[in-house]
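Labels A, B, C, D, E, F, G, H, I, J, K and L are assigned to the chains in the order they are written; within every chain, residues are numbered from 1.
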Amino acid sequence: MKSVLILNGPNLNMLGTRQPEIYGSTTMEDIHAACAAKAKALNIALAFEQSNHEGRMIDLLHAARTEHHGVILNAGAYTHTSIALHDAIIAMERPCIELHLSNVHAREEFRHRSMIAPVVVGVIAGFGANGYQLALDAISPLL
Amino acid sequence: MKSVLILNGPNLNMLGTRQPEIYGSTTMEDIHAACAAKAKALNIALAFEQSNHEGRMIDLLHAARTEHHGVILNAGAYTHTSIALHDAIIAMERPCIELHLSNVHAREEFRHRSMIAPVVVGVIAGFGANGYQLALDAISPLL
Amino acid sequence: MKSVLILNGPNLNMLGTRQPEIYGSTTMEDIHAACAAKAKALNIALAFEQSNHEGRMIDLLHAARTEHHGVILNAGAYTHTSIALHDAIIAMERPCIELHLSNVHAREEFRHRSMIAPVVVGVIAGFGANGYQLALDAISPLL
Amino acid sequence: MKSVLILNGPNLNMLGTRQPEIYGSTTMEDIHAACAAKAKALNIALAFEQSNHEGRMIDLLHAARTEHHGVILNAGAYTHTSIALHDAIIAMERPCIELHLSNVHAREEFRHRSMIAPVVVGVIAGFGANGYQLALDAISPLL
Amino acid sequence: MKSVLILNGPNLNMLGTRQPEIYGSTTMEDIHAACAAKAKALNIALAFEQSNHEGRMIDLLHAARTEHHGVILNAGAYTHTSIALHDAIIAMERPCIELHLSNVHAREEFRHRSMIAPVVVGVIAGFGANGYQLALDAISPLL
Amino acid sequence: MKSVLILNGPNLNMLGTRQPEIYGSTTMEDIHAACAAKAKALNIALAFEQSNHEGRMIDLLHAARTEHHGVILNAGAYTHTSIALHDAIIAMERPCIELHLSNVHAREEFRHRSMIAPVVVGVIAGFGANGYQLALDAISPLL
Amino acid sequence: MKSVLILNGPNLNMLGTRQPEIYGSTTMEDIHAACAAKAKALNIALAFEQSNHEGRMIDLLHAARTEHHGVILNAGAYTHTSIALHDAIIAMERPCIELHLSNVHAREEFRHRSMIAPVVVGVIAGFGANGYQLALDAISPLL
Amino acid sequence: MKSVLILNGPNLNMLGTRQPEIYGSTTMEDIHAACAAKAKALNIALAFEQSNHEGRMIDLLHAARTEHHGVILNAGAYTHTSIALHDAIIAMERPCIELHLSNVHAREEFRHRSMIAPVVVGVIAGFGANGYQLALDAISPLL
Amino acid sequence: MKSVLILNGPNLNMLGTRQPEIYGSTTMEDIHAACAAKAKALNIALAFEQSNHEGRMIDLLHAARTEHHGVILNAGAYTHTSIALHDAIIAMERPCIELHLSNVHAREEFRHRSMIAPVVVGVIAGFGANGYQLALDAISPLL
Amino acid sequence: MKSVLILNGPNLNMLGTRQPEIYGSTTMEDIHAACAAKAKALNIALAFEQSNHEGRMIDLLHAARTEHHGVILNAGAYTHTSIALHDAIIAMERPCIELHLSNVHAREEFRHRSMIAPVVVGVIAGFGANGYQLALDAISPLL
Amino acid sequence: MKSVLILNGPNLNMLGTRQPEIYGSTTMEDIHAACAAKAKALNIALAFEQSNHEGRMIDLLHAARTEHHGVILNAGAYTHTSIALHDAIIAMERPCIELHLSNVHAREEFRHRSMIAPVVVGVIAGFGANGYQLALDAISPLL
Amino acid sequence: MKSVLILNGPNLNMLGTRQPEIYGSTTMEDIHAACAAKAKALNIALAFEQSNHEGRMIDLLHAARTEHHGVILNAGAYTHTSIALHDAIIAMERPCIELHLSNVHAREEFRHRSMIAPVVVGVIAGFGANGYQLALDAISPLL
């Protein structure tokens, strides 16, 4: 059985609480539950993490090298600034998918650059919570 | 029954013929067939087009306004240069997904900018032919 | 009797249909009719064309060299990217006016640069359908 | 009866005197006279001012808020550098047209940027003295 | 008794009149009155000026060298373009505070650069009319 | 009774110890004490934190959403690089003031850009330890 | 016997007609004739095409993959903007020479960048009609 | 007898008063006197002006067209920002020398660009008050 | 006896494990051992730390102010983005050497800029594990 | 009989010796011999020089003014940096062809800019040693 | 008696020969003679050198440290590219004047930047051969 | 026995003479002597050269291909501008170390870019004369 880590970065813990009139009442926990169901259907073991700490995210990616077969990474704002995550993904040597809830390319200029895109397999952005389901479908044949 | 247009831009007709040692022997026709099967499973009517002509692509997007409920657009190289396609997507007033076979963000600098990303729902890039399947899954709930 | 070509570029065929709450119900046909009336009053023969194809627009500009005495060009999105239209205007050797329905300078950064402005007589932008009337008045003494 | 202010900026007082072999012998006074005739035909009250002082131009735009229904502004070189004029136009809350005698987009790079274009209705450039007539026609339906 | 000049730049005379639904009905006169009261409480003599003329502002800063012990400068739009004010502040040799009603860093890109910030003691921006009170508190220990 | 969090970022714990001939002997503790006195006078409950960890600062801002009515944020060097803090401030949905001891705009080019300024109420910079007093005065009417 | 396609892009059909005092009376037909003679001498089969349509040029390059052994490409203005031609040349998998009548590097800044240069064998520019002869000589040993 | 205008721009009136430990005690009056003597020796009539107002400087340059045979212009900080002065120098149609007391090229980046240099005969910078003597020597043969 | 801290940043813990065919089987532990031997020979007390957390690295640099006489800093990817480390090095007031295993200047553009280089004594890059030996030799006379 | 100088710049003396598995065993001497034969066939007198010294190259270009009727210049790396060679070519007043062995436009960014291209007749790049033959053919009708 | 070196850089040896209809028939020898006369009148010993070799110019500046009291440097095209000359001027520790025959600021963009201006006393540009006379006058009081 | 060339570039001959209060009295000769001693200890034959001529430096690097096993290159100011040295190092095919006396990354912006760094093994900068000792230690295992 293959294992996948879904790693969420800064501010994603606020989902559902923050601006519910915009983002709706879907929380990280809801997404976790939906991913667990999907993973089960795909026969994938799932780990689901969130951290606001860049260093913690790097630690988790390093651990994923031996503990998981692939990673779905929603690095949040660190996507646009972190060369350290870029290097951690290379060091991990596991297929990695870059995921964003929103269409980052349609937002501020500083969200158009991704420091991690050059070292991931592919990018999925703009489909909200459904993006996690798509990412699991996308990573499944890559494990 | 909802209808989706999959519109492929310049050079995508060469798929399968071009550098098979790299891209494999999957052709546009193979992708068309796989998409047709997937669309059937999703109960979606499918139109599948390819053109090397920017003007023709604009014509097709305009027609999609009344003929389809959503568009999956692999605009190829025009992604990075065409403001006209940007405007055509707005004029179409239908949900549109930007699709790329390769991870464009990991390639040359001039492929990092997308002129159409600001007006699409979301972006899927880097998953090869499988990206078309993911895009159909992604657009289904948006129709 | 002098002859003028009014040449409209990509997406302008969608006028009136697209976002009527914003752009109103004035269509390209309405503008054509109003221009025909104005041209008659100015004793000018009028040709009125629209194309979404950059190549077709170049062909029409080349033909205008022998068929018309001046051109009013609303090149739409190609305004900002087409060096080929820039060169076609030079090759045409006829006075040419750059026209825009909207005030392009008040919109996105990528609409601020005009590749054709350096080779036209002048620019009229921001006056909606009335801009066509102003352009006919402007070109009349230049024929 | 509606009232329009035509406000001319730096160096425009030199028209007719300066390089007559290039600009012809048309002076600001000639343009004033032609505008007065045109305004009369359009049943518009006309004020016509020129100043080389940015501060004076701001003062006049502020006064126009209560004294005029619209402004035609040939801001000359201040067009390209003055954020203060940009703000004054907003504060004025009257329709404003940006006017240039020459086709500024065909000249030096530093004349391609307009600081006031984002806050005017539209732009007319390149038609020499005739531009004033076109601007009066353009502003008439906006008063 | 120490003396402070509060110098306001272009368009600030329009406060209260302009877009009252946004800026409220507080006028420059209201601010002057509130500052006078605050200055009295701080035992500071107050001069309060406004000008739309860059040259006049320079003249006033020069005069402040001998007439005042400190300056609170809301240079408005000239903040972003005027090297001459930068030099005048140096020549004045008095502590100077840069003040803005709005949070200029949250507005257009061209308002992010301040030509005078390198030669002032500090910056206060975004607190509306209350910013003048804060600035008086801030300059008091510097006189 | 309203509550305010004063959150200090990287290296601010070194205040007083570091280069005392320049920064004086005022320590973070001294500033804390002065702020506590000021807050008491303003009838505000005060929390005072410092961390060198970006992730910890994000955690604290998230907590402030329910624990405080406003935040004074001296984000130190993270001001210029952290999109994650930018997003955390939005998620917090509490008025936030950006504070700097030094006049960052008068220092190195890389300190001129603030990633958080677009989402704060206002900015106070350059007044040393006194800036904390000014910030408390500034935030008081916003709670 | 080897076959070469000479493909000419936008506005090159105007040669000889356009500004004859500058470009002389040499037409595309003249160049075609001279190339035919040269090709015969080199024992090369020659195809000679011109189009103002980017899409048509892509179609022709695709066809060249099986119909020709090499291509001489004067892409005109599309040289500087077309990533689609860049990709078409790669897909063609035939040696390609970039040709220009004029010395593009001595003209406007926007003609200094070539989007196709990275994927061609070499570049010949500035020798007028004679450049076609040189290009045939250059491609001959590469077939 | 030929006539020369020496026109000094913003902040130059502060010479001698401002930072005497750096700039010395030489005042504008001293420079005026030294220039008067030098002009007499060169048999040149001299006018000597200073203004902090850009508009006033433009007015004086316009007047110089008929009143003087040449101009020595120390435009101070306006050198780096004023397109209006650039245009006024062209309109004046008299030889003009750009003069600076300090070596502006050795100072801040924003003093390296001169908006007026493209329309003056030559530039003298960095020689302090002596620069005025050199400029009179330089302009003498150009009158 | 002098004491030196060798501080390693993000991803350096993966050395030896990661891509051994490229980086060899030398681990951080091996480097630690070699440094310990070298330090002993130089009569220097050695502390050897690694962290993926920027905040932890700042804490350690602060502590080094009182605990060590010099620091060898391989800040990894944070080298290129961290202004906070820049400030921490200044606050530390101890000689600091910037060290890189690889020749960062020969790699991606984003690794060419060092935010810490302006505040270190010197830089050693490109010599692999041997760089640590060189850095100890380099820091020895600076303690 | 016409005379042509072929002038080769820095590092070209290493041809054949350097990386023979890539560049082959063709040396500068081989190219010289082939050029001599070609020149003889074209009835052109040939001078063939190589220098690693920019100053020496300038000297040779100056001498070419009176000693030769045209120059073929492979300026090597100086192509991209030398304004002095640019000026020397103008001063020479002889037709000059810019030649490169490799397709410089397909290499590093810093090889895309040519300082000499604006003052040469044309450019030939990417054809290896054969480029010298093409250049002799190209210059022959220009002598 | 003080000694001055006038050092002329690349291409200045061609003066008088090159484009005499533009530059006139004044040669370097003529300028040398005029300078010799002027130097004699100023009681200055004069050395006059020209070289097309950057290295030779550096050698001469080094020698000037002990052999001369000041240098007038017309570095020609090296002005805009040579950091080595910048460093040589600092090492020389003698007052140095930057001189140009033409008004470099009115020419191509790449002539606007001077690498040596930050380390010279002042700049004289645009006065042709007369500039040498002015430079001798300028350097005289600095020796 | 292995042989190493230490090659010093422009202005390094002035060491010890120039600004002794800053650089100390260590001369190139002193450094040569210390390097000779170190080389002897390492059993390396040493050649030590200095030149202000870029061309001479290229010649020496070419010669090093057959005469030496490695090169330590302090290219001085040419480091930042010379593509020719970049190419010469490649052509040399010997390990090369880039050396700087000062920490160039802490100095002017134009010293931050190294044209040779991409083709050297590693970089040592900022350790003064001691850097030569470190470089000999660094190159020893690479010979």
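The definition used in the following text is that a contact is a pair of C-beta atoms (placed from the backbone, for glycine too) under 8 Å apart; a residue touches a chain by one contact, two chains touch by 3 or more.
Keep in mind that this is a model prediction, so the values were computed, not measured.
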| item | value |
| --- | --- |
| Shortest walk length in steps over touching chains, chain B through to chain I | 2 |
| Touching chain C and also chain G, the following chains | B |
| Which listed pair, G-J, F-I or I-L, duplicates the contacts of C-G in over half of its pairs | F-I |
| Same vs different contact residues, chain G with chain J, by half of numbers used | same |
| Inter-centroid spacing, chain G versus chain E (mean Cα positions, whole Å) | 63 |
| Computed distance of Cα centres, chain J from chain B, in Å | 48 |
| Centroid spacing, where centroids are CA-atom means, of chain E and chain L in whole angstrom | 55 |
| Per-residue overlap in chain E, given as positions that touch at least 2 other chains | 53-56, 81 |
| Interchain pairs in contact, sorted by label | A-B, A-F, A-I, B-C, B-G, C-D, C-G, D-E, D-H, E-F, E-H, F-I, G-J, H-K, I-L, J-K, J-L, K-L |
| Complex contacts: residues of chain C adjacent to chain D | 103, 105-106, 112-114, 117-127, 130-131, 133-134, 137-138, 141 |
| Touching residues on chain H, where the partner in the complex is chain D | 53-56, 58-59, 62, 65, 81-84, 86-88, 90-91, 93, 115 |
| Complex interface listing, chain D residues touching chain H | 9-11, 13-14, 17-19, 51-56, 76-78, 80-81, 110-111 |
